[in-house]
Amino acid sequence: MFLRNCWYVAGWSHHFAEGAVVPRTMLGEPIVLYRKADGGIAALEDRCCHRLAPLSKGRREGDDLRCMYHGLKFAPSGQCVEIPGQSIVPPHARVRAYPVIEQDCWVWVWTGDAALADPALIPRALGHDDPEWWMQTGQLAYEANYQLINDNLLDLSHLSYVHENTLGRNSMSWGNSKPTVSRIDRGLRIARWVVNNPAPRYLDQPKGMLTDMWAAYDYMAAGVFLLRTRSYPPGTAAACAMQTPTAEPLWTSLTSQAVTPITEQQTVYYYSGCLNKAFASEESSKAQIAVFEQAFAEDKAMIEAQARVIAKTPEPRMLGTASDHALNQFRRLMDELIAAEEHPAKAVAAE
Amino acid sequence: MFLRNCWYVAGWSHHFAEGAVVPRTMLGEPIVLYRKADGGIAALEDRCCHRLAPLSKGRREGDDLRCMYHGLKFAPSGQCVEIPGQSIVPPHARVRAYPVIEQDCWVWVWTGDAALADPALIPRALGHDDPEWWMQTGQLAYEANYQLINDNLLDLSHLSYVHENTLGRNSMSWGNSKPTVSRIDRGLRIARWVVNNPAPRYLDQPKGMLTDMWAAYDYMAAGVFLLRTRSYPPGTAAACAMQTPTAEPLWTSLTSQAVTPITEQQTVYYYSGCLNKAFASEESSKAQIAVFEQAFAEDKAMIEAQARVIAKTPEPRMLGTASDHALNQFRRLMDELIAAEEHPAKAVAAE
Amino acid sequence: MFLRNCWYVAGWSHHFAEGAVVPRTMLGEPIVLYRKADGGIAALEDRCCHRLAPLSKGRREGDDLRCMYHGLKFAPSGQCVEIPGQSIVPPHARVRAYPVIEQDCWVWVWTGDAALADPALIPRALGHDDPEWWMQTGQLAYEANYQLINDNLLDLSHLSYVHENTLGRNSMSWGNSKPTVSRIDRGLRIARWVVNNPAPRYLDQPKGMLTDMWAAYDYMAAGVFLLRTRSYPPGTAAACAMQTPTAEPLWTSLTSQAVTPITEQQTVYYYSGCLNKAFASEESSKAQIAVFEQAFAEDKAMIEAQARVIAKTPEPRMLGTASDHALNQFRRLMDELIAAEEHPAKAVAAE
């Protein structure tokens, strides 16, 4: 079950070099992407309408893409514009073209109804492509359903266990802290204080330094995680009565992460790490992404193991706990959005 | 869906060395082949009737084959002739024996009704085992349904695209030439002029030499490709009004190719390349087969990619083009032959 | 189809080292085992009741096991004893605990109704953990249903074929000897003379020495093989009129072997080789297990090949032979036991 009327990240801008013809499977659909002469990106069905060969084994010719099996040529609109050996190209000789937008160093593809592909629905990735911020990027392929990764990102109590030696180092605060969770348009806003949190090793701070960290993120359908953390001297959380801080933090860290379903059982995960140049060196920024890579490998190992157990369990049932609060809300939100796109009339009637 | 009442190539003669016990899966059936003392070949069901162990893990004893699990011994007729630990061998203790004929360096097996296994139905491979011709051989395993390989061989317009750097080098003639297609008994005859075709690199001809090439082949059920090409000076095609040439060519090339289904998703492909010793050296012959190997690897990459797309497409539909003419005719012929063997009475009535 | 009310070997005692957290799949169920402080073994469902992560990726804390996804902690009883972030642990927060007993160097797990897990039903492995006997151990993973391995062990006529160069060396006696087969409680007792059997190479005996060997084993549900062989001077079998010998043998050899289903298509096989220290050196004992390893690799190759043939055969049917006598009896016994556990009332009524 996928939410189709939604923007999904197909990759980093640098994945789509001039001249490259890039295959992607998104929500079970084969898609081929390439840059046009004007730098814009075309996204076509990766399946020739003639004999179903993949166009990604084809050749870019100007802004068009030629199938290299029997030579049919397609425009960025999906329309076939040449069939070798015949003079007439029928209008129904075409492949599907997908709405595609490049924004904040991510290439976003819409796999649902093109008429509903509103660019304003694209979440803004924090700190991407901003000269005041260092930005490092990565990606990871998962053998797991995308919802298990959403679940993981919506319950950060796992940091104390999965990441006890990396992101949750020396601290049980994640496991025990209670976030506030509020519904926003097509997403949730989740925030919490993590008190007495060790300063990350990759920042040039005194050994053993502790901070109170305000960690706040929006989690947007169908799986975009936009986190800003602000670190303060210990005691700040209590002084704020555990509410949203207003003072200037010691430092701020940003990360944006996008979960894109490949199939029901496979997912790809794109992530950034951004530090402000005012307080962090490029070296710190690279050290931060190295910690992320290590931590996300820990997530992958756990989530893929979980997926294998679920796959072998005849009727999997989960036990609710207090820390599931946000992920359950998000699963309900996704169910609502998916139901609304399957029965649009009913959704309108219910409003 | 397979045509069972048909001869299929099980391998080259040299695959069946004296003493070898060779397993093959053909049309989904496990078959074991070995040479008898008289040099003839036996083809048995590769599945002991006792506990279903493969006889191909067995031992040849004279003309018989002993299962090396519990020792049952089978004659080339399929009849069990010994069961250790019991004195009587019941007549129903037997495995299936398949009609098998060795001809033109190929071993042919019939997986249908043995009563219909007419040796005259075996297509004659061109130039095989002929002292006047150099003959080189090869084979290739495909992860694809056999019909996709038939399709490929029945629409040579793909040479201009798949093989733009090998067999279709420097020439769009293949993509644009229109072959004549005529029905023959259990097959199609397909012929065309390819004008201004570069002389192949492996022949010792002047650099840049062009020829008019008459390429004519029979494509026989269930997938045997028998091609003869005749090369002439440029202008010959026009001088013949694009009809069949009668003059002596500069040179002739022969290739025979056989497509054998392993399962619905796997296929094996046997091919030869033959050049006449009167105009080609052994070196040219080896260079020719090297080009074939490179080209058939190009086919394999494209066809397996196509098969993967088809496998993932819920209701695959193909768009007809002019160049599909022959492959559509052949698919219809195969459908007729398969329908006829499933309803033999009706087929007779319809004649 | 599995017999669930039965003890199965989960591994050798030495597989469960202090501190180790060991995953096993048994009869399709994920199980995690670890040693408690008192040296006893705990066996829990390897699937956290919260989000279904495997507990085998968890951490032992005292006698408890903590899930390292979100930190739930479980006691050896299966009861959850801690849920981070909430003060109350509901009683239904638990995973299944399995009866487990360590005996004769094997760890036995009961996957059926715990109320019926009678320790007296565990077969006694011969010569294990006995200071008078050398004991060597091994294990082998199979891609095959467990019944095919039972079949193999219940028809030792295969020694003359599968093991013609190892256990059945130079002798057709296995293939031609007729064992006596008698039913015992939850098993069969099978015994035979193997006459003129070569003395094993690993014993320090004269080259070419022959013996009459009395080979007797119990085969216990669901797949435990307990073999004692006694070797005598040639002529002893005839002198006993092929009945059970009473005299002291030249030497005795013991082996116990346990077949444990992983899934319907995968099995693990544990085996020992034991020689009495009175007549064999440790070197002989190690040489014996090396022969076993070689022979069991021969079995594995044949049985996995058989399993692949069966898997591809639409309606597999086997032909009965005289040597199938014991394995057919055992298959019927297993069918009865499985039917009895599915319809316990009817089984009682029938008694």
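We call the chains A, B and C, going by the order they appear; numbering starts again at 1 in every chain.
To be clear about the criterion, a contact is a pair of C-beta atoms (placed from the backbone, for glycine too) under 8 Å apart; a residue touches a chain by one contact, two chains touch by 3 or more.
On a predicted model such as this, the values are computed, not experimentally measured, just so you know.
Chemist: Answer with same or different: of all residue numbers used at the interface between chain A and chain B, are over half used by both copies?
Modeler: Different, since most residue numbers here occur in only one copy.
Chemist: Write the angle of the rotation needed to overlay chain B on chain C, where the fit uses Cα atoms and the result is rounded to the nearest 5°.
Modeler: It is a rotation of 120 degrees, to the nearest 5.
Chemist: Just how far, in Å, is the C-alpha centre of chain B from the one of chain A?
Modeler: 49
Chemist: Counting only residues that touch at least 2 other chains, which ones in chain C make the list?
Modeler: Residue numbers touching two or more other chains: none in chain C.
Chemist: State the interface residues of chain C toward chain B in the complex, per the touch definition above.
Modeler: Answer in residue numbers: 151, 155, 157-158, 160-162, 164, 172, 175-176, 178, 301-302, 305-306, 308-310, 312-313, 316, 318-319, 321-323.
Chemist: Provide the residue numbers of chain C that touch chain A in the complex, in ascending order.
Modeler: 28, 30, 46-47, 49-54, 57, 66-72, 83-86, 92-93
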